[in-house]
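Have a look at the structure below before the remarks.
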Amino acid sequence: MTRGLGRGLPALLLQRLLQAGLVAWMVGTLTFVLTRTLPGDMAYRIAAGRYGHDMVDTAAAEAVRAELALNQPASSAYFGWLWDLLQFDLGRSLVSGEPVVRELWHQLGHSLGLAAVAVALSLLLGPPLGLAAGLRPRGMLDRLSEVVASVLRALPPFAVGLVLILVFAVGLGWLPAAGHGRTAHSVLPALTLALGLAAVSSRVARNAMADVSQSAYYAFSRTKGLSDRLTFMRHGLRNVAVPVVAYLGVQFVYLIEGVVVVETLFAWPGIGHALVHAIVARDVPMIQGTALIMGLLFVLLNTVVDIVCHLLDPRRRHA
Amino acid sequence: MTTLVAPLLTLPRLSARQRLGGLLLASLLVFAWLVPWLSDADPARQQLTRILQLPSLAEPLGTDHLGRSLLARLAAAIRLSLGMAMLSVLTAAVPGVLMGIIAGWRGGWLDRVLGSLADACLALPGLLLVLLLAAIAPGNFWALYVGIALVLWIEYFRLVRARTRALAASPQLEASRLLGFGPLYLFRRHLWPELAPQVLTLAAFGAASAILAMAALGFVSVGLRPPTAELGLMMIELLPYYHEAPWAMAQPIVVLFVLVLSLNLLAGRDPR
Amino acid sequence: MPRIRYLLAALGLALTSTAVHAEPRTLDIVAPWEITSPDPSKSGHVFARMQVAETLVDTDADGNLAPGLATSWTQNDDATIWRFTIRDGARFHDGTPVTAEAVATSLEHALTKPGILDSTPIATIDAEGDEVVIHLESSFAPLPALLAHSSTQILAPASYAENGEVTAVIGSGPYRVDSLEPPQRLMVTRFDDYWGEAPAIERASYLAVSRGETRALMAESGDADIVFTLDPASRTRMSRQPDLTLHAVPLPRTIVIKVNAGHPFLDDQRARQALSEAIDRTGIAAGLLRAPEAAAPELFPASLGAWHLAISPEESRDLDQAREQLATLGWEANGDGLLERDGEPFRLTLRTFSDRPELPVVATALQDQWRELGVDLEVAVGNASEIPSGHRDGSLELGLAARNYGLVPDPLGTVLEDFGPEGGDWGAMGWSDAELEEWLNQLRSETDPEERASMETEVATRLHEALPVIPVAWYQQTAAVNDELEGFSIDPLERSYRIDELRWAE
Amino acid sequence: MTLAQQAPLLHIEDLAVDGDGVSIAPFSLTLIPGQRLTLLGETGSGKSLLAQAIMGTLPKGLAARGRLHIAGQTFAADDTPSRRKLWGHTLALLPQEPWHALDPTMRAISQIAESHRHVAGRSRREAGAAARRDLAGLGLQDAGHKLPSELSGGMAQRVAFAAASAGGAHIVIADEPTKGLDATRRDAVVALLARTSDDGGSLLTITHDIEVARRLGGEVAILRQGQVVERGPAKRVLTSPQSDYGQRLMAADPSRWPVPRPLTCKAGKSVIEARQLAMARGGKTLFEDLSLNIAPGEIVGISGPSGCGKSTLGDVLLGVAKADKGEVIREPSQSRLGFQKLYQDPPAAFSPHWTLRRLLDDLIRRHRLDPAAIVPLMVHLNLDPALLDRRSGEISGGELQRFAILRVLLLEPCFLFADEPTSRLDPITQQETLSLLVELARERHCGVMLVSHDPALIERLCDRRLTLGDTDTKSPAAITDTAAEASLSP
């Protein structure tokens, strides 16, 4: 991806590690500063988060303020947090009192499971369609896939999810409408996410394939005597895989947004849903913990994407 | 005649696809700005006795769950959402392009610093920034749309940096430098025409995803601000009535589809 | 590429072969409210409704107090010392007996945490033999009603860590906790040696789903046997569903507008009445809430006996009279129809929150209706805590909330909180009435039912005239129930799902 | 057996191509084993389209007519699918710019082995061995594991040749095999191609380089706008062409150019002077203590293999780059605008998005030049004024280079560094362009340093010659100023 500090894999890993440290610090500080500047009294917000909108009142807010020593000066709170972070202690959630790590483990686990299935499904749906369309640019399939991609990109995820529930859960009764527990629960939310991702990745694959199929080496491979199938397998796939895999790294930016909507619609106990509640309830340790883990995860995923690109494209090794 | 062509925005000869895209976009804009002239219906005026009425002559697009004229609300929503989407695109494009050019042109340590900054920002969960901004400035849209843009600038940055780096070393720039032209001229004549199609493509996709991000936020009840009509939030308001009045919820979605399709056609290839 | 396809095929197989073995059928309940933590002060209402934990005082079918873990209770003459005799033979889920000491420690823990007991003048709680004796600093007649609230539910001593934090919910109810996955899921199974008669349903699960559409779809697709709180739009659709029956019961919860009577525009009673008369309550109830009978011309619904004044909703709307009243207060309409008084426009901000999805919609309706009157209302949808914090720092002008007058079986508990001397976080603000305070004080210690009824009606009438809090609509608790269940009924006080009365139809 | 009786490998009857704006007259030929045919012509003469018509790879929109008899089978020209089976087995096409035709992500050896394996049908092990043998035969033993991006132009050409012919095809069609290569690499490729016809195959070569046609020998056909203007054995056609176009084409060969008029007066101070210049690039010293000076109107030629630092010297003289050691003194009276450069690939020096008129207006407005100076220069460089309204991508390479000369001359430069200005142009346009350049330089007393890899061209044009070190010899660049002096004398 970026022109790394050094050459080859070790240099790239070092650079990613550095980036992880930078991200951890930036995310923590940014969320700390931002949550401090949020309007509204934190004690009241946390009380609302804890005791629900029926029971929140001044007495509850004062009790929370006393319990959590909220009027601690900002600087000492920040360095306290930083010191804990260095010892990998993310603290406890202000609302539920549970250690943030356990809450994250439960909710992030579900979100990651959902995202993994979604990405796998999108890889199954998007790129193959894109490759087929890219082989015959301006063909029937190409135009059709462009319109379908535009439709999917215009549809908000909850509309897609709603249609899927109506068809597969209420209509056909094959799959549970919402909730979690059995693996069957994860199919509809993952499919909703996958359709959104596939819409974009199919166009990226289509453009990559169109470029490759009109390149000089593709034509030479055919005039050398190789069959269409062999030319595609030996020269088409690898040259297309590089841009498609590279795009995967960027795709995760949009995945998080989709996850929040899908988790709310399908009542999936995920991290996006929890993050929204944490921000509304000003649960600072939870916000920082979530943002930190999501940031590091993103760096990890990008490192994986980098490694795969490295393996796929020998040019990078000597670049 | 050549002097008439706007120097900055060079509109290359439009292909048939792009003309169709332009036509669709123009029809949306005409609809949005013409409706207030044609019908004096106030987007916020409610009639609780006539809710979710089917489209009729009196009410061309029917009424929503509060009996408000969907025609007026849709037009107001397009005006607001498009305006906000443009704002979001600009707040993403301007810094992204500028830093991309600086990094691509100067290269060296500056390029590496900006590069790692961009990677770090990409790792920031964009959703978090948007939610925090929504909490900081509750109820006004610009904070949300700027928040949405905070993540998008990186795509502009990477694209522009790659293109600028390739061009900076090319003979055409060296020739112009030898002929005594300054950096501004080099940008206007050599860099911008090369970057314009890709940057406009990204802008097109950025605008559409900004509106969808607004709908996503509305879905988790962030950024609600009655009675303003906003494309993303209209979808949320009409979502509960998907069975009773599917045509009501379909309208903002169709408008967004036409917007995305027209931007796709106008933008040509997705440069990502 | 082929390797990925192989992996997914294996995953696909795993999806379809859901383990179906001969386990007894689980009752799936879906409701909108998430479980924050095992602590009764935070999510006690879920454990009470799923009948895991019980309170000293219970309620009978039509909402009157009934014996719970306390078989009976007596008070001294000025209601400052209360004695509750604890049922013998009751056991906690970990087998330990329910003793007076255990009850006392549980109540002491509840007292340290924010909750319903904050407003009670409790001095000491101690156990004497099989009785729990509570000494009060001043007389407080509704104490038993407060001890029916879920935040006072009795947990076994083993549930509490040393610092008083609740680590596990070991109650004494007919069901014990099987697995708890906050914030969304709770599984319970039947507790065999429960002191009462054993329920028919063996296993039940509770799932928190925040979106109304999803809850309705789960009912239609059969994923949930009972779904509580249906949104208005899906109710009309589901009434036509074949294998589902819809239940609706009025609740003692009212959508109210909390008014800052200290605000210069709103300090005069006539201004508040004008705003109230401008509200089209039948339009909101029929059009938005899809329940015409929900229109609330007065604060207390019919189910609250003497508190209810039986005022008809039609005569509550009178736009012209409202305009006259505002005119007498010196408001004239300026160019674009907005009211102005010596240069100042009649502009107010209404705070509300979206935890209850219907509130922002009602706020939008109010905005337009008051616009007709000439009042420019700004709606700010934020967090529920902004209303009490606005009450505290005086920044609140108007707040739209859903106030539960059935928090405890006797509305007096909530009324005392809301209309005390300096008002209440969810009640009056910048308004006080000496006569009302006098009646409320008497009600605190009055035990004779007729006397209480006449005073309750007096209080209700005064609140209806002075309007420190403007009622808009009453709530209905709705539920969609699978026809394979028999014996379902809704608790009007939202205290229990009454799972122990349910049976699978043969 | 005399040449005629052997069964022809390839027999084409009245092959013609027409489509949007292109038409090639019917053309027939017969190729018997061991025979070589070269199609000679300028860009746009349709020679590449003929090759694609034979192969069956015509782009959409162009239709071929006529019949082809290949290795005993008869094919209709427009029936490409049936000919598809011959690709690699009987017909081999060596593509233009082979460094683009090799898969950038695959090693050189596996691109050759894959033809052995999948076209010639050898087993995986045999294919590997055969590929190694091919590489050794082409002197590329240690280049097998390299990626195309790490191969030089010449090496890429040889790898492409090995990959194309691995399938055992007898008929080899080479499309512009020497484009972009310097003299030594060009001769190596010609020798390589000659081997195919020696081993009993037949060779059809398409080129615009007369020297390549001369070295290949065999039969030559000259094409112009789709018409064959002359045809016959190479010796006769290339030495004494009958058609007048043939004669003009042969006259355009630098070795036939008239001896240059000597520089009349070497008066005046030298325009630019370099003292003990030294420069190293990537650890390799390009040149050391090189000194030279150029008088106004004098033309100094530089020659040497590609990658020997010719362009780098230009950058140093123009001040674009700084030399490791030594200094450059420029004529003080001239501003920096007096030192300009002409580029090897004309379109690369212009922004493709604007009309040429707009670019000229910019230049005039920037330096407040006199617009009247344009018209006479246009006439002198015989540039049609209508060209001004076109973009740089819409006119021919020759016209664009002359336009570049015009753009530079507007600034009345005193020194011009021409970096292989005509290597991409056809012979006739090359001759016109260079003679115009020399004439204008003399007339305006502008010193020119001309870079070229064609020794004959430098011989005929330049007053003095500078040869930069050969990569093989260890010694860095030697200034053979004096030798060039000798060539000056008539």
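Worth pointing out:
Here the chain labels run A, B, C and D in written order, and each chain numbers its own residues starting at 1.
The rule we apply is simple: a residue touches a chain if its C-beta (ideal position, glycine included) is under 8 Å from a C-beta of that chain, and two chains touch if they have at least 3 such contacts.
In this text the structure is predicted, and so the values were computed from the model without any measurement.
Common neighbours of chain A and chain B under the contact rule above are C, D. Averaging Cα atoms per chain gives one point for each, and the point farthest from that of chain B is the centre of D. Looking at which of B-D and A-D shares more C-beta pairs in contact, the answer is the pair A-D. As a whole-number value, the distance joining the C-alpha centres of chain B and chain D reads 48 Å. In this assembly, the C-alpha centroid of chain A lies 51 Å from the C-alpha centroid of chain D. Taking each chain's centre as the average of its CA atoms, chain C and chain D sit 87 Å apart. Note on chain placement: the centre of chain A and the centre of chain C lie 37 Å apart, centres being C-alpha means. Residue positions of chain B touching 2 or more other chains: 138, 239, 242. In chain D, there is no position where the chain touches two or more neighbouring chains simultaneously. Shown for chain A are the residues that touch two or more other chains, namely 162, 264-265, 280. All chain pairs that touch, listed by label, are A-B, A-C, A-D, B-C, B-D. Chain C contributes residues 212-213, 231-234, 236-237, 280, 283-284, 286-288, 354, 357, 360-361, 363-365, 367-369, 371, 379-382 to its touches with chain B in the complex. Those residues of chain A that touch chain B in the shared complex are 1-3, 5, 15, 18-19, 22-23, 26-27, 30-31, 34-35, 37-39, 146-147, 150-151, 153-159, 162, 200, 203-204, 207, 247, 250, 253-254, 256-258, 260-261, 264-265, 272-273, 275-276, 279-280, 287, 290-291, 294-296, 298-299, 302.
Of all the residues in chain A, the ones that touch chain C in their complex are 40-41, 44-45, 47-61, 63-64, 95-98, 106, 117, 120-121, 123-124, 128, 162, 165-166, 169-170, 173, 176-184, 187, 237, 264-267, 269, 274, 277, 280-281.
Remark: chain C residues 1, 4-5, 7-8, 11, 14-16, 18-19, 30, 33-34, 36-37, 39, 41-42, 45, 113-116, 118, 151, 165, 181-185, 207-211, 213-214, 217-218, 220-223, 353, 355-356, 382-386, 388-389, 391-392, 401-402, 404, 407, 424-426 touch chain A in the complex.
Those residues of chain B that touch chain A in the shared complex are 111-112, 115-116, 119-120, 122-129, 131-133, 135-136, 138, 151, 155, 205, 208-209, 212-213, 215-216, 219-220, 222, 232, 235, 239, 242, 249, 253, 256-257, 259-261, 264, 269-270, 272.
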